[in-house]
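Following are the structures in question.
Common to both upcoming complexes is subunit A, partnered first by subunit B, then by subunit C.
Now for the complex of A and B:
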């Protein structure tokens, strides 16, 4: 296991290097630049040149890249060119919200998918399974932003039960957990429904196959309760593909979060990623991409480890 | 306090007189004895009924108001000079650091709201001596002085071309010296004689006192990297103090009790930034924001906001299609007749109706029509004449040798065909489609292309030949005197299409040096005649606000110097 982890760690570093290099290269090739964004239409070529020089953006791309890595190794993630704060400060204001939103949504989606998938698998070829399939396809086909807008219309605008956006009530000076949770509900429900529609289909198919296995027949013959069979035996085996999917799906979770954050005006990393890309805020953009890359790598690694725990036939040296 | 400017033509606006006042008006007319009682009461209390924004009870102190600026919105900086060229940054800076000169509703200097109380100009129009009021103080008790203005000026000089508005209004490029004469007066000497109004509006108006005593310990680099740091921003002279800022989310301002001007009625003013028009719309609908705007893309949903009041905000800007005169593929842009013909094929009234639902002003020159402070007599006289005439456009092109071949005009082997780049909003796309149809009727083949704003910046910065025409808005900030300097003069930094006309250069230069408005009138009339760019109509911002919000007409301002200190909430 240790050797596996070390090999994976080495390949992860290589992946991160390639990823950040690509982002730097693409950012350089994209027309425009942060200086023009900062100075606007009223500026002159001389001013753009001066600001590029002040920001070190007139250096060759490889110098800028090496300088960035040099700072990173010293723990300095740099300064946002547009927000005029340290990258750590900028990302810090958004990362927590995204972490909460995505992790709560993912956890709920996994729990729901496990349950729905087991029910669907246990009732294969019945009307229950068909109804669940219809629901899954309906949600799967629905654009995330549209679902979000519908939920806002129902629960905020019409019923006035929940706030339509933001992260907390702005009139309050201090953080209030209840208010924060109320603001979190609709974006979380939106993401959870979409993720569940995706994951539960895999879980349902996998569970259906597992319920057809011989060990299930034996367990039934031995008189084991159906719930016990489903939860203790089938779920463990059926969940393996789901675990793999979740690990691979992490970047997509982030992408879905971008749309939800925009619809609900929720201050998250996805929105910051989009803004920093448009505004050519390279320092922030690179770090966010690195975070996504790391999450993907960690997600895959965790999926492999969990799979090895779920299936004794899978072991890493 | 300046009155409201006259209702713009063709633009709807709510009557600002609140119901309580109207009710009292009706009582006054209909009931004899009560009428006399009311007259006596009015005389005793000294109250007068005016067509202002005050209810019968008068402004009430207190409360928190949330304002949602048009999407996309975000503030990146609160430090003048160093901030990005962002109107929103300028809007918030004004709340903390009061400008030397206040530009009011008519885009003129309102001295009674300015920190400067006198400006004298030497006979040769080179020396401007400014006297400052003694009533302004920083929030830490230190007086606002001429040294603070000198600090600002020196910061501009030192920061150099990185200052987003460097050179506009001759600041600091035309300044020979800046001399502090006394704690509350200073003199600026220019290198040449100028039109005093031009320099006051475009140059002096950029200056503002900054807290020299608090900031002199910081290096420029430190200030640059701490533009949203509340510790750095703790000493202010404006009506508000910044008490909380969450990047990309909101900025919270609390009343500054030491402010030397009109103190805020509100306890707290919050500027909330929204990521999408739908999110802002939902916030207005649910009351999460008290003031916002209705984007044209969501105009059909306006009925859902029927409980809110409406106010049309006219911004001092113009909407135009920049033509690339460098591009050999579109060398026909250099022909005046071609440009004039294309301008005649732009149906602004139709666009106003279809795209902006009546919330726009037609524009046939670079000078905004509302407010009409700088509009020439000729432009006023011809504003309502027919500027859309396809027959005349066709005749013009026929006479100029452009022959129709399979629906597209040609001359000397060159087709009248070009691509218009748009920033891709729904309204832009629809406008492009209307232009396409009308241009086809005069034999101009117009193609449309959506581009992201980064491409626009890149193309304008590069000054190459890869584009033909681009539709943009030009905001007159901080060049409030709209004489076209920088836009249509040959060496202008914002002359993106490289338009060059010696007469235009001469007129712009004359407007810059000759006192009075004749210079801007002459420039404007010439620009209207030679059409250096294609003019499009100028939409308003449709502001929506809760019925218990008052002071809206004093809050909004055509040059984005919004004044939330005049807003108040009735309870």
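Now for the complex of A and C:
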């Protein structure tokens, strides 16, 4: 287990090195560069040149890359070219919202998927499981952003129950939990639906296979209640592939969050990514890409650890 | 098996003399998803490519007297905020979505094939390096990379094909590498090698033939992914510039005018994306089911 973790850790470091250099190489492609973006169209070539020099952007790309790493190791992630703050401060304002949105949706989706999957597995080859799989198939093909728009149309425009977008600032002095939650509902529902359509499919297949195992027959023969078998015996074993799935699909989970944040103007990392991409704010962009990469790698490690806790056999491999 | 009890595979030539019957036999032997998906995709292709010949309204003509008008005889699916015909815009937007989606996926599978084959057939060190690069690319969602890259380019269909194609190849590449790796250890490949077959010959005649079904399935599912990614980029304003319509930027218009209750700007473009993805996914699942049966 320790050896596996070490190997994983090492390959993660390589991944991050490759990733950051790729992002840097691409940033070099921009015509005019960030200086042009900051100064706007009505400026002189000299002004652009001077600003490029001041920002260190006129140096060769590998020098910039090494400088960036030097600063990073000193705890300096750079400064936003647009917002005139450190990248840490900018990202700090958005990170909390994304963490809340993604983790609440993921948690709800996992709980729902466990339940739906067990129901589907227990009723394999009946109309119940067929209805569920048709639902999963259609929901999975639903473009996330369109689902968001449709929900806005129904719940904000037609029924006027919930706000159509935005969010209350977590750091605001007159922070109101009710307002915050009201803004959170629609984005969370959108994400949860999409995640559930995907994960419950895997859970359903895995539960169906578990229900065919001999231990289920034994439990039935001993007279255990069906609910007890489903929740105590099958759930634990059937959940293992789901854990791996969630770990493997973390990039996809973040991507879902990015989409939803943009539809609902929800001020999280995905929204910041979009704004930074439009404004060519590379120092922010590169750190967001790195954070998402890092979280994915950590998530995969966590999935390995949780799996070893659910199944003793994995620990000794 | 036909109802008359004549086996369709009979070498007598009788079955072949009845082409209609063999066709029916072919269809009835396939998974239903394959048929439903193909019919739906064909319908979408017909609407978007033959539609303009039937429905003559221009997607660009502005009609100031008919802004945000609901569906009527004048404009079958209503008009947008500056009075352009919504149905004409959906039809025009569909052509690009389908062309870019298919072309980008073909490019991605091609790149993935070359990458996967070189990793799977090359020396061990090369394989390890290529796989680490792949891990790095796969640790960040394609969509995030796309948003990042899209901000650098002035968009056209050609640029979008390149961009989507060159960001979506890592997943097929990994599958192809694993399959190649598994196939290369098989006895018949080893035998062929020992007879002196060159690596390129082995790749072409043995490996490629073995991994072809997986290649096709990956291509089909990629098309769905790429149609979705393309619409989302357009929705964010990072696709082809206006006034060119795409299913994605039609939804941007829909969202911006959502409080004028203009449902006709929200449902039709979204449904087109939805149906295209369903059609393509159904075809993919149909192929997978057919492969599992054989």
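The criterion applied here is as follows: the second predicted complex is superposed on the first by the 300 of 317 C-alpha atoms of A that agree within 3 Å, B and C clash if a C-alpha of one lies under 4 Å from a C-alpha of the other, contacts with A are read in each partner's own complex, and residues count from 1 in each chain.
Operating definition for what follows: a residue touches a chain if its C-beta (ideal position, glycine included) is under 8 Å from a C-beta of that chain, and two chains touch if they have at least 3 such contacts.
As the structure is a prediction and not an experimental result, all values here were calculated from the model.
Colleague: For the combined arrangement obtained by superposing on subunit A, do subunit B and subunit C clash, or do they fit?
Modeller: clash
Colleague: Considering only touches as defined above, state whether A:149 meets subunit B (first), subunit C (second), both or neither.
Modeller: both
Colleague: Figure out whether A:214 sits in contact with subunit B (first) or subunit C (second), or with both, or with neither.
Modeller: So A:214 meets neither subunit B nor subunit C here.
Colleague: Taking the superposition on A as described, I'd like to know which of subunit B and subunit C A:73 touches: first, second, both or neither.
Modeller: neither
Colleague: Give one of first, second, both or neither to describe whether A:18 is in contact with subunit B, with subunit C, with both, or with none.
Modeller: It touches subunit C, and subunit B stays clear.
Colleague: Under the stated touch criterion, which partner chain does A:271 make contact with: subunit B (first), subunit C (second), both, or neither?
Modeller: Only subunit B is touched by A:271; subunit C is not.
Colleague: For A:85, is the partner it touches subunit B (first), subunit C (second), both, or none of the two (neither)?
Modeller: First partner only.
Colleague: Does subunit B (first) or subunit C (second) touch A:178, or do both, or does neither?
Modeller: Neither: A:178 stays clear of subunit B and subunit C.
Colleague: Please work out whether A:93 is in contact with subunit B alone, subunit C alone, both, or neither, and reply first, second, both or neither.
Modeller: It touches subunit B, and subunit C stays clear.
Colleague: Does the superposition put A:159 against subunit B (first), subunit C (second), both, or neither?
Modeller: Neither subunit B nor subunit C is touched by A:159.
Colleague: Kindly point out the stretch of subunit C, out of 170-178, 242-250 or 278-286, that overlaps with subunit B after superposition on chain A.
Modeller: 242-250
Colleague: Common interface residues of subunit A with subunit B and subunit C?
Modeller: 30, 149, 152-153, 156-157, 164, 262-263, 278, 280
Colleague: Write out the stretch or stretches of subunit C touching subunit A in their complex.
Modeller: Subunit C reaches subunit A through residues 132-133, 135-145, 147-152, 224, 228, 231-232, 235-238, 251, 254-255, 258-259, 261, 263, 266-267, 270, 273-274, 277-278, 281.
Colleague: Quick one: in the complex, what on subunit A touches subunit C?
Modeller: These residues of subunit A touch subunit C: 11, 14-19, 22-23, 26, 29-30, 137-138, 140-143, 145-146, 149-150, 152-153, 156-158, 164, 251-252, 254-255, 258-259, 262-263, 273-274, 277-278, 280, 285, 288-289, 292-293, 296-297.
Colleague: Looking at the complex, which residues from subunit A come into contact with subunit B?
Modeller: 30-33, 36-51, 54, 79, 82-86, 90, 93-94, 149, 152-153, 156-157, 160, 163-167, 170-171, 173, 261-265, 267, 271-272, 275, 278, 280
Colleague: What does subunit B use to touch subunit A in their complex?
Modeller: 64, 66, 74, 76-77, 82, 84-86, 160-168, 224-229, 244, 246-250, 252, 268, 270, 272, 274-276, 278-280, 282-283, 285-286, 288, 304, 452-461, 463, 472, 474, 479, 486, 493-494, 496
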